[in-house]
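Each of the next two complexes has chain A plus one more chain, namely chain B in the first and chain C in the second.
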Partner chain A sequence: MSAIPVVGHIADIQGRPRMLWTQSLSWVLFLIGIFAYTQFSIVRHKENPEDRVIPSGAQLWQGIKASVLEPAEEDDALDPGASTYQRVTHSMLWKDTVSSSRRFFIAIALLIPAILIGLHMAVFPYAEAFFLRFVLFFDKIVALSLLPVLFIVFGIDELSKIMLMVIGVGPTLMLDTYNIAKSVPREQVVKAFTLKSTNFDVAYRVILKQIMPQVINSVRLNLKPLALFLFAGEMIASTDGLAYRIAIMRRHMGMDIIIPYLLWVAVLLFGMDALLRVANRRLHPWF
Partner chain B sequence: MVLAARMVEEQTVAQTQPTPVEISLRGVSVSYAVGSTGRKPGVTKTVLSNLNLEILAGEFVAVLGETGCGKSTLLRLILGQEFPSTGMIVVDGKQVTRIDSRCGYVPQKYSLFPDRTMIENVMYGPENAYCGWLGRLLPSYRAFKRKLRIQAEEQLLRMGLRANDLNKYPHQLSGGMQQRVAIAQALMMKPPVLLMDEAFSALDPSTRASLQQQLREIWQESRPTVLFVTHNTSEALLLGTRLIVLEPHGDEPLKSNVLIDMPLPQSSDTISVRKKSREFQELSEFVKRRAYGSHSRYHGDQPGQETRSLGDSL
Partner chain C sequence: MYSVNLENSAAILQFGCKNCLCPKESKSFRLLYLVALALCLSTAMGLPVQANAAAPTFTVGWSVYAGWNPYFYMAKSGILKRWADKYGIVIKVQRFDYAASLDAFVGKNIDACTMTNMEALDMPAAAGVDSTALIVGDYSNGNDAVLARDNLTLAQLPGKRIMLVQKTVSEYLLERAMDLNGLSAQIPQLRLMNTSDSDLVGAFLGNQGNQVAVTWKPLVSQILAQGGNVKPLFDSSRIPGEILDLLVVRTDVLKRADGSGERFAKAITGAWYETVTQLASGSAPAISGSAAASGDSVASYKEQLRTTFLFSTPKSAVQFSESPTIKQKMDLVRFFCFRHQLLGQNIASVDDVAIRYPDGSVQGKGDRVRLRIDSTYMRMAEQGRL
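Moving on to the complex of A and B:
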């Protein structure tokens, strides 16, 4: 008797690739990307050894070192005898990461009410009547078009950038939570009421608890739009932040700084997404 | 003839004994517009018409009928999930205006909270009833919860769950096990009325038979008023003390949907013995002929299936 074949045809829907295959395949596009970049860089550096558009490995390394260990141009220079820890915590990358993260997390905290409004819209008919039509309309307003209004109303400080993120992602998150909560079977609500639940119990202990994993997934999907609005705000009016630095470096053609910054932002978002995914799995083993 | 005489006799006995009315439906009709688009009104479809029912405390009423005859609507009306277009529904002495804990409810599926373990599902109701939000902050809450957990464990073990299943989530257990827990969950609240909407229809025959037996035993012990909606004639006849057969509403505006309303003969035999008796077979044929007429081939769970012996259908 033959064993079930574990390696199917490459276009076989029923194929069962081995673990080694799946792991290897998942890295192939990364390797192709690195290889293509290196080749382009080599070609450009052959033509012009001082090329800054596609920096070489050595230039990138210098850029990373400057970002991680040296303060920003606008800041005071560090004492030459400063420790590595001091260098890192006073560096350009650290300062920008802290500034952007602060804005990012404040915006996420301000989005919690959006989740609750979405839940209430789905559960309480009066809240649905009050909010739904307006939120559906408001969701269609392109948030970036509101940026001038936000700058006029909230000034060009932190608040306008945070509000841009909240206004940009809030309605989407509200509607997503609304749809998720609406998809909870009606039987669950009926059953809860027959088990002496109050309205509060049904909304928070039955429905919110059940939809929480999907809401967290929705937040995960909205991490990138949040970062997008943050970058838009920082690029237009800011004195620090990851996007501000990228905008400044663009003027100097500082690709040796821009590329590490782009990768750092991707790593941060990827890490946050992974953290939420693991938390979701741990907190909701039934999902 | 003997059977008919016996049914009349039992009906007379039931009428002479003063038993409190648990559920009362007075002139209940339900109709709604179908296919209305924008400003154009749709066709009005009547689901239930001029329904007058008095269900006595402790009765086990089996409700039969073809698809679309209003069985589930009837249940939703009694629950308070839907409201009649005309008429009034009274449960446990009070008019039904909203869903509350007077009625226990076991639907066909989605009965359990997926984010709670089996034991937590069963404890959910009593915790709400006796603690509330502030009660959970009291020092006595832990002792109460411990006691409640013991009761819930007993209830679940009685329903046939194993001890190591108690802390599993609903998706980790079979449909049959989930329905056992759903019944236990409803019974923990000791509701005066238990409404079951095709609660066993998604189960395999052996699980179904075992749950029927258990439900019958539970009913005999605590005598809640049960309204059991089913598609299965044999199930209705074996479990119920009274049978109501609904028919789809025709064109006559004031004609009631109730086609048959009769008491069922009771016996101390087990379900498996009863279903083989000649009396049961006769009654089953009678109901099928009256209820489904020319559609008498349809008496099981799956419409259109060939007629089988009643023993097979269970």
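Moving on to the complex of A and C:
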């Protein structure tokens, strides 16, 4: 047992790397990524000091400062005496984050009925007969191709963007919930009825309760498709939002804003995912 | 030399492969196979180098637009090849989406690209890519328009939602419309909705609540054809020469030490004016060939050409690009770009992205020239020296 891993150990299933190794190994790819980026950036800036395709650290820092502290270009300028708090809450990034999050959370709220429909499909045979075939079919429709129809039906404002997310992710979530709920052993249902459960008890207190952690995990996996649909909607028609800004900045190679925005979106999604994960563990410690 | 080598190695390769399956002889044939592979690899690697040494290759990117479609016909009809051969180079023409073509140009993946004067300023020039406008092809003479329902007037626009692709000539046109009608003060009150050009027509026509849109042809024609109560409020024929369509080449490509860049400039300019002459004389194959570039019908393409002021002779193009007018127009455009931060977050003054004109005068700081309007090659075409 030596402290330094022998080459043989690295490929060993039974290997037990020390804390130091697991910690440092997990950062290697990040470092490579940052290193590669810097290298590319340096090379490009050597050739053209004003390069905007791969902004340098200084350019990025300026971009971050501008997006966090300055109001968006279409808004009025702040008076110079504003406090940092005021500056942040009137900034471009803040404004875009608020409007994108609003759409995102409304869509998530509208997905709760989708979960319940999935549950009912799995538990009640008549609901299954009514919904399943249609949902299976509808799930295969590429939601983005419906966009022109959505614009006509729901107008070009918020609703069409939210509906794009709901229509894109809803059927998947329904089917996933349906499958999870179906896999609950039939014996449990029978047993519950012998203990004088009502239909409602079986559906909500026996089945929903125990599939909840898996459903939350399914929502976690669907965060990214949700974000994708949100971005698609915002890029096609909007007046604000994170993807709106990225679309606008793309028109003149504003990578110094786009890259911080991308990272910010990643952080937001990561945070949301972590929140759901922790909530899941707290709420369902038995899972 | 090469064809011989390739044939040889291909023959060996086939022979070797067939026999690899046979276990008894496999050893010697494996060796042969390796040799064949090595031969193939070396020829494959040697080929592009040889080709490069023989004829420098240039790639021109273009995107669908009435004034740029002729590039498609030019390449397809063989006009371009004839001119390229004359100057001993190879010119490839590649179609892009507009935004993607600009990305490719700024990323230095292509050597020359079609773009408007506004994008020439806010994409390559503002990103520090020194570029030269070789050909001033045309200007929009009604191709871009502000459209509105219900007999709205420009003065009624503030507060109404306006659908357009923001930060493009559409927004420029809208601001110019307000300016020219004495409504400059109202510009900040305009409610702009950034709408992708691919969905603009459907989204605008699908809902009567959308009252105003700013866009370009053929989208303008589609909207006017289908929307009964839609009328153009303002179009680019009222601002002639402000929305220019250029062929832009990277200055470092043009100034290559071996002179191939200049040969490229001569070849493409020569081919362009031959094409445009055909187009202007109403030659049927030229028009249908250019219409085919965007999948338009001949009638629709002709309609687009009517609102495109084509500089159909080198003389007219030279006259325009050497006139004081172009400086006034470019001044409007560069201030628009600066006002909208299109020149970049850290450009503190509009003069930091300077433009150089054919007479040597510079708009902006002399040491920060990023865009050059160059009439040299158009002038050569005029004098028949290409």
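Heads up, the rule we're going with is that the second predicted complex is superposed on the first by the 279 of 287 C-alpha atoms of A that agree within 3 Å, B and C clash if a C-alpha of one lies under 4 Å from a C-alpha of the other, contacts with A are read in each partner's own complex, and residues count from 1 in each chain.
Keep in mind that, in the parts below, a residue touches a chain if its C-beta (ideal position, glycine included) is under 8 Å from a C-beta of that chain, and two chains touch if they have at least 3 such contacts.
All figures in this text were calculated on a predicted structure; none of them were measured in a lab.
**Q** So if we stack both complexes on chain A, do chain B and chain C clash, or do they fit?
**A** When both complexes are placed onto chain A, chain B and chain C end up side by side without any clash.
**Q** Looking at A:139 after the superposition, I want to know if it touches chain B, chain C, both of them or none. Which is it: first, second, both, neither?
**A** After superposition on chain A, A:139 lies in contact with neither partner.
**Q** Pick one for A:194: touches chain B only (first), chain C only (second), both, or neither.
**A** A:194: touches chain B, not chain C.
**Q** Please indicate which partner A:156 is in contact with in the superposed arrangement: first for chain B, second for chain C, both, or neither.
**A** second
**Q** Please indicate which partner A:286 is in contact with in the superposed arrangement: first for chain B, second for chain C, both, or neither.
**A** A:286 contacts chain B only, not chain C.
**Q** Touching A:185 in the superposition: chain B (first), chain C (second), both, neither?
**A** first
**Q** With both complexes superposed on chain A, which partner does A:74 reach: first (chain B), second (chain C), both or neither?
**A** Only chain C is touched by A:74; chain B is not.
**Q** Could you say whether A:128 touches chain B, chain C, both of them, or neither, answering first, second, both or neither?
**A** neither
**Q** With the two structures laid over each other on chain A, which partner does A:273 touch: chain B (first), chain C (second), both, or neither?
**A** Neither partner.
**Q** Residues of chain A touched by chain B versus by chain C: which partner has the larger set?
**A** With both complexes superposed on chain A, more residues of chain A are touched by C.
**Q** Once the two structures sit on chain A together, report how near the CA atoms of chain B get to those of chain C, whole Å.
**A** Minimum over all C-alpha pairs: 44 Å.
**Q** Quick check: in the complex, which residue numbers of chain A touch chain B?
**A** 185-188, 190-198, 200-201, 206, 209-210, 284-287
**Q** Which bits of chain A are touching chain C when the two form their complex?
**A** Within the complex, chain A contacts chain C at residues 48-53, 59, 62-63, 66, 73-74, 76, 147-148, 151-152, 155-156, 235-239, 244, 247-248, 250-254, 256-257.
**Q** Would you pull the chain B residues touching chain A in the complex into a rising list?
**A** Contacts found on chain B: 79, 81, 98-101, 103-105, 107, 109-111, 113-115, 124-125, 128-129, 132-133, 169-171, 185-186, 189, 191.
**Q** Note which residues of chain C are touching chain A in the complex, please.
**A** 99, 103, 106-107, 122-123, 126-129, 161, 163, 165-168, 188, 191-196, 198-199, 202-203, 206-207, 209-210, 340-346
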